[in-house]
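Labels for the chains are A, B, C, D and E, by order of writing; each one numbers its residues from 1.
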Amino acid sequence: GCSSTGSFNEGDTYTVATDNSYVPFEFIEDGELVGFDIELVELIAEEANFEVEFEQMEFSGILAGMETSRYDLGIAGITITEDRAENIDFSQPYYEAGLTLAVLEGNEDIESIDDLTESTSVSTRSSSTSQSYLEDNTDADIEAYPEITEAYQALLQGHVEAVLYDVPNVEFYSQSDANGEIVRVGERLTGEDYGIAFPKDSELRDVVDEALTTLKENGRFDELYEKWFGESE
Amino acid sequence: MLESIQIAMPYLLEGLKYTLIITVVGISLGCVIGTIFGLMRTSKSKILYGIASIYIELVRGTPMLAQIFFLHFGLPQLLGINLDKMLTANIIIALNSGAYIAEIVRGGIESVDKGQMEAGRSLGFNSSQTMRYIIWPQALKLMIPPFGNQFVISLKDTSLLSAIAVGELMYQGRQVASSNVIYFDVYLIVCVMYLMITIPISLLLRRVERRLERS
Amino acid sequence: MTKMIDVQNLHKSFGPNEVLKGITTSVSEKEVVCVIGPSGSGKSTFLRCLNVLEDITEGDVYIEGINLTDSTTNINELRTNVGMVFQHFNLFPHKTVLENIMMAPHIIRKTEKKEAQEKARQLLSKVGLSDKESVYPSSLSGGQKQRVAIARALAMNPKIMLFDEPTSALDPELVGDVLEVMKDLAKEGMTMVVVTHEMGFAKEVGDRVFFMDDGRIVEEGSPTDLFDHPKHERTQAFLSKVL
Amino acid sequence: MLESIQIAMPYLLEGLKYTLIITVVGISLGCVIGTIFGLMRTSKSKILYGIASIYIELVRGTPMLAQIFFLHFGLPQLLGINLDKMLTANIIIALNSGAYIAEIVRGGIESVDKGQMEAGRSLGFNSSQTMRYIIWPQALKLMIPPFGNQFVISLKDTSLLSAIAVGELMYQGRQVASSNVIYFDVYLIVCVMYLMITIPISLLLRRVERRLERS
Amino acid sequence: MTKMIDVQNLHKSFGPNEVLKGITTSVSEKEVVCVIGPSGSGKSTFLRCLNVLEDITEGDVYIEGINLTDSTTNINELRTNVGMVFQHFNLFPHKTVLENIMMAPHIIRKTEKKEAQEKARQLLSKVGLSDKESVYPSSLSGGQKQRVAIARALAMNPKIMLFDEPTSALDPELVGDVLEVMKDLAKEGMTMVVVTHEMGFAKEVGDRVFFMDDGRIVEEGSPTDLFDHPKHERTQAFLSKVL
C-alpha cells in the first residue's frame, strides 16, 4: 500500500509517478516500461529496501501528483527549479541536462533561439521547463502538448517550425523515432539538473537521497549511466 | 497497416477491456443515480425537484474534461484526499450518465399517457402502486432507445479519461501511436474499434425504435 | 331511496378559471343519470370530481354518505367503490386483456390469482369478449377496448359507475355493442352517471338527464321532459343543434 | 481564491474568446452541413439517405478526441498536408455538430404532422413548395430546443481541443493551473465560466420549450 | 351530364395488403356523392386516390377526362382543380386564418397579394368567419377550423370538392355549422364526394350514396333507396347498427 502521510517503512511498496514517452529516461519498448530513470529507481529501491510500483501519466500530471501528494515519488527527468521547489521536494541531482532548439532537417531560417519571433510557432510539452523558458525569453507562439512526442509530431507535420526541449531527449528522439528528420540547432540553453521528486515533507526523500549517495559511491550509478549514455563526462 | 495492427493490437485490446469495464460500471451506477434523480424531477416537491435540477444542470453545463481535472487534481489539492484513478473514472462516467439518464427517466415517465395514471388511480391503486405497476413498465420501454444512445455516448466519453492516464482504449492508442510514430494507422484502428461497438448498438436501437413505434 | 351520490355546492377552479360554479344535486341507488351539454361546460370535470380525480375547490361530495373532502377519508378505498370508464379507454397496453381486468383485485384487494382470473373471465363473457382474454389491447377495435375497460372497472365490484363519453371515440358501427353492455348494467340495477352525446341511449335507459352549461346544471328532468319540453332557453338552443 | 482569480483571469478570458469563436464558427458551418444531410436523411432516394447515414454514423460512433487526433496527427502523416490548428478546430466542431444537427433537422421535419404535407399537396403545392412554405417553418420552430442543446454540447466539446494545444478556455485553464499550482481554484473558475454561458442558455430553452408546448 | 370523375377498375395496395379491390364508378358534374361504410373499408383511401395523395396501384382515374395515372399529367396542376377537406382540418398553424386561405393562390397561381386577400375575405364571410381573419388556427374551435379549411380549399376555385369525414372530429353542437356550409356549396352546384357518417346530411343533400365494404363499392343508389331499401345484406347489417 501507499502511505499518504509520507512516512517511510522498510519493505513497503511505494507508487512512482512517471512518464512513458521520454527517451531515454522512461519509455515503452516491446510493451515494457524501460529507461534510465526506471532502472535507477529500481536500484534505489533495492538499496533502500522498499518496493516500487510505477504509474504512467502526462508530465503535468506527475508534477500535479507531487503537489497534491497523490504519489510517493516521481521520476521523469524532472528538472529541479526554484519554482517547483516551493511545492515539491527534490533529491540531490542525478543528471545534468539542458535545453535545445530543434527544427526540421533543412530549415535554414532558424539557427538559434534568437530567430524565434512573434510569428514563429514552437511546440513543446505542457508544464515543462521548456515551456517556461519560451514564455520568459521569447515572443514565439507556443503550442504546449501533453506529450512531448506529440510536440515532435507537430514539428514533423509542419504544424510548428521548431521544438524546444531537453538535450538528451531531442538527441535520442531525432536519431530513433524521427530518423534524423529533426536536427538540433543552436547551443545548449541553461543547465538543467534532474532530481527525483517527492511531495513536501516526505520521509522518503532522505531515504532515497541516502541510497543515491551510496550508489554513486559504490559505482553502480556510473555503471547504469554508461549503459544508457556511454562514457560519463 | 498490417504491421501497425500487429504492433498496436495487444495494447488496444487491453485498452478496450478497460473502456468496456468503465462504461459498464459507470453506466450501471448512472442508472441508479439517474432513476433517483429522474423520479425527483417528476416529483411535486419543490425541494426534491430543485436538488435534482441543480445536479443535472451542473453536470450537463460543464465539460467533462473540466470535471475530470477538477476531480483528479482540484479536489485533492483542497481536501488532501486522493481518489484512485479507476474510482475517479467510474465516478465521472456515473455522474455524467446519471444526469442524462435522469432526464431520460423523467422524459419516459412524462411520455406515458396521462390517462394511464388516471385509469390506475380510478381503480383504487395508490400513487406508488400506479407508478410501479402501470407507469414504470411502460416508461421503461420508452426509455430503451435513449438509454442505448446514452450507452454509446458514455462509451465515447471514457476516451477523455486518457487525459489522466486511465489505461482505456484512447489512452493506449495515444501511447502506441506516439511511441511508434504511427499516428494515421493507430487512430484509424482506434476509430474502427469504437465503431465496432457503437454501430451494432445503433443499428439495434433503430430496430427497437421501429418496433416501439409500431406498437 | 338511498342517496348514493350527494353533491353540495360543488365548485372547481383551475387556477383563476372557475369551471364548476356551484353544483348541488344527488343520485339515488340504481338510478341512471345522463349528463349532456356543450363542450367545455364542465361535464368531465363534474364526473372527475365524483372520483376525486380532480381536487375539489369548494363544497362537499358524499359517496354513500362518506364525505370526499374530509381529510380522514381514504380516497383509494373509496375509489374502489366507484368505477370509471374514459372516452379513450385507457387500457394498460403492457397487460393482456385478462390481466387488465384482474390486476386491480389481485394487487389492491390481494384476491388470489385464480379467483381473480375466474372473476375476470366471467366479466369478459358478460361483455362478449371471452375469446380475447390473452390478446393485448393494441389488437382490439375501439369498441372491444371500451368493453374491456368496462369489465375492468366492474372487477372491483363498484357500487357506482361513471362513464365519460364512452362511445364518442368509436366508429359509428361499433357504438352499438358498447351501449348494449351499458344497458345490461343499468338493467341489473347499477347506479350510473353517464356523460354522453347518445340521445337515444339517454331516452331509453336514463332515469334522469342533467343539462350542464357553463359550470352549472342548468336543467334536469326525465329524458322525455327534458328532450321534448326543455324549459330553459340554453337547453333549447343546445338540443336544436344536436338532435 | 481572489488571488487565483487575479492570476488566472487574463488567460481564461483569452481562452473564453477562442472557445466562443470556435463554437460559433463551428456550429454555423454545422448548421449548413446539418441542414443538407438532415434533408438527405428524409429523402426517398436510397443513395442520398445512405450517404447521409454513413456520415452521421461515423461521426456519432467515434469519440471526438479520436477524431481530433486522427485529423491533427493521423491524416497529415498519410497525406502530407496539414491543416491549420484553428481550421482543424472548426472542422471538428462543424463535423460533429453537423451530424447531430442533421438528426435534429430530420427529427424536426418528421415531427411535423403528416397532415400538413397532405394539405399542402392537395392544394396544389409541389413538394419543394410544401417543404419551403409549410413544413420547414414549422419544423424550424420544433428544432429550436434541440438546437440550443446542441449549442451547449458543442461549446463543451471545444474543451477537447486542449489536447492539441488550441488555446481555448480549457487549454488556458490547464496551463494556468499547472504553472501556478492552483488546481482547485482554476478548475473551479473554469467550470463556473462554462456554467455562466450554459445555464442561461438552458434556462432560456426551458422557457422556449414551455411556450412551444402550450402553442 | 359530363363525367367529372371517372374511375376504372381502381386497385390500391399497401405492400401485400390490398385495400381497394377494383372500383369502377363515375361522378357527374354538380353531383353530390356520399360514401359510407365500416371503418377500414377503404373510404379514405378511395378519396385520396382521386387526388393522387395515394399512388394508384392499378386501374385508371380520370378527372375531367384527364388520366391521373398518365405519367405526362401534371399532378400539381390537377390538384388545384380538386379541393380536399380532411377530418383533422390540417390548417397551417404558423399562418393566420387569412394567410391560410390566400397562400395557395398567391404562391401557386401568383395571384397579387391584394387580390388574393380580397378573395380570401369573401370566402371567410361565406363560411361565416369574417371576424377571425387575423387570428391563428390554434384559437379556433373545431367547427371554425373546419370551415376555414373549406374556405382554404375553395380559394383555388376547384371544380370538385372531396370531404373525408369532415365532421367526425367535432363536438356534436359544432357539426351543424359545418354541414350548413357544405349544403350551401352543394346548392351552388359544386361536384362533391363526401365520406361521412352523417346520414341526415346524406339524405338531405346527397344525389347518390356509395356503400363501401372491404375495398369495394358494394352498393350504390339514391339515399332513399339505399337507406330505406338496402339490397345487399352487408349494407343492411351496417345500416342496422348505425341508424
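Keep in mind that, in the parts below, contacts are C-beta pairs under 8 Å (C-beta built on N, C-alpha and C of every residue); 3 or more make two chains touch, one makes a residue touch a chain.
Fair warning: this is a prediction, and the values are worked out from it, not measured in the lab.
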Separation of subunit A from subunit C in touching-chain steps, minimised, is 2
Subunit C and subunit E share contacts with none
Busiest interface, judged by C-beta pairs in contact, is B-D
Greatest centre-to-centre gap (Cα means) from subunit B is with chain E
Top of the farthest list for subunit D, CA-centroid basis, is C
Dist(centroid_CA(subunit A), centroid_CA(subunit E)) in Å evaluates to 83
Rounded to the nearest Å, the gap between Cα centres of subunit A and subunit B is 37
CA centroids of subunit D and subunit E: separation to the nearest Å works out as 46
Cα centroid separation, subunit A vs subunit D, in Å, comes to 38
Subunit A touches at least 2 other chains through residues 64, 67-68, 146, 150, 153
Check: subunit D positions touching at least 2 other chains come out as 73, 77, 163, 174, 183
Listing every touching pair of chains gives A-B, A-D, B-C, B-D, C-E, D-E
Within their complex, subunit A touches subunit B through residues 4, 20-21, 27-28, 31, 55-58, 61, 64, 67-70, 146-147, 149-150, 153, 177-178
Subunit C contacts subunit B in the complex at 51, 53, 76-77, 79-80, 82-84, 86, 88, 90-94, 103-104, 107-108, 138, 149, 152-153, 156
Listed in rising order, subunit D residues that touch subunit A in their complex are 72-73, 76-77, 82, 85, 163-165, 174-175, 178-179, 181, 183
Touching subunit D in the complex, subunit B uses residues 57-58, 60-67, 69-70, 73-75, 77-78, 152, 156-157, 159-160, 162-163, 170, 173-174, 177, 182-188, 190-191, 194-195, 198-199, 202
Listed in rising order, the residues of subunit B that touch subunit C in the complex are 113, 115-116, 118-126, 129, 133-134, 137-138, 141, 215
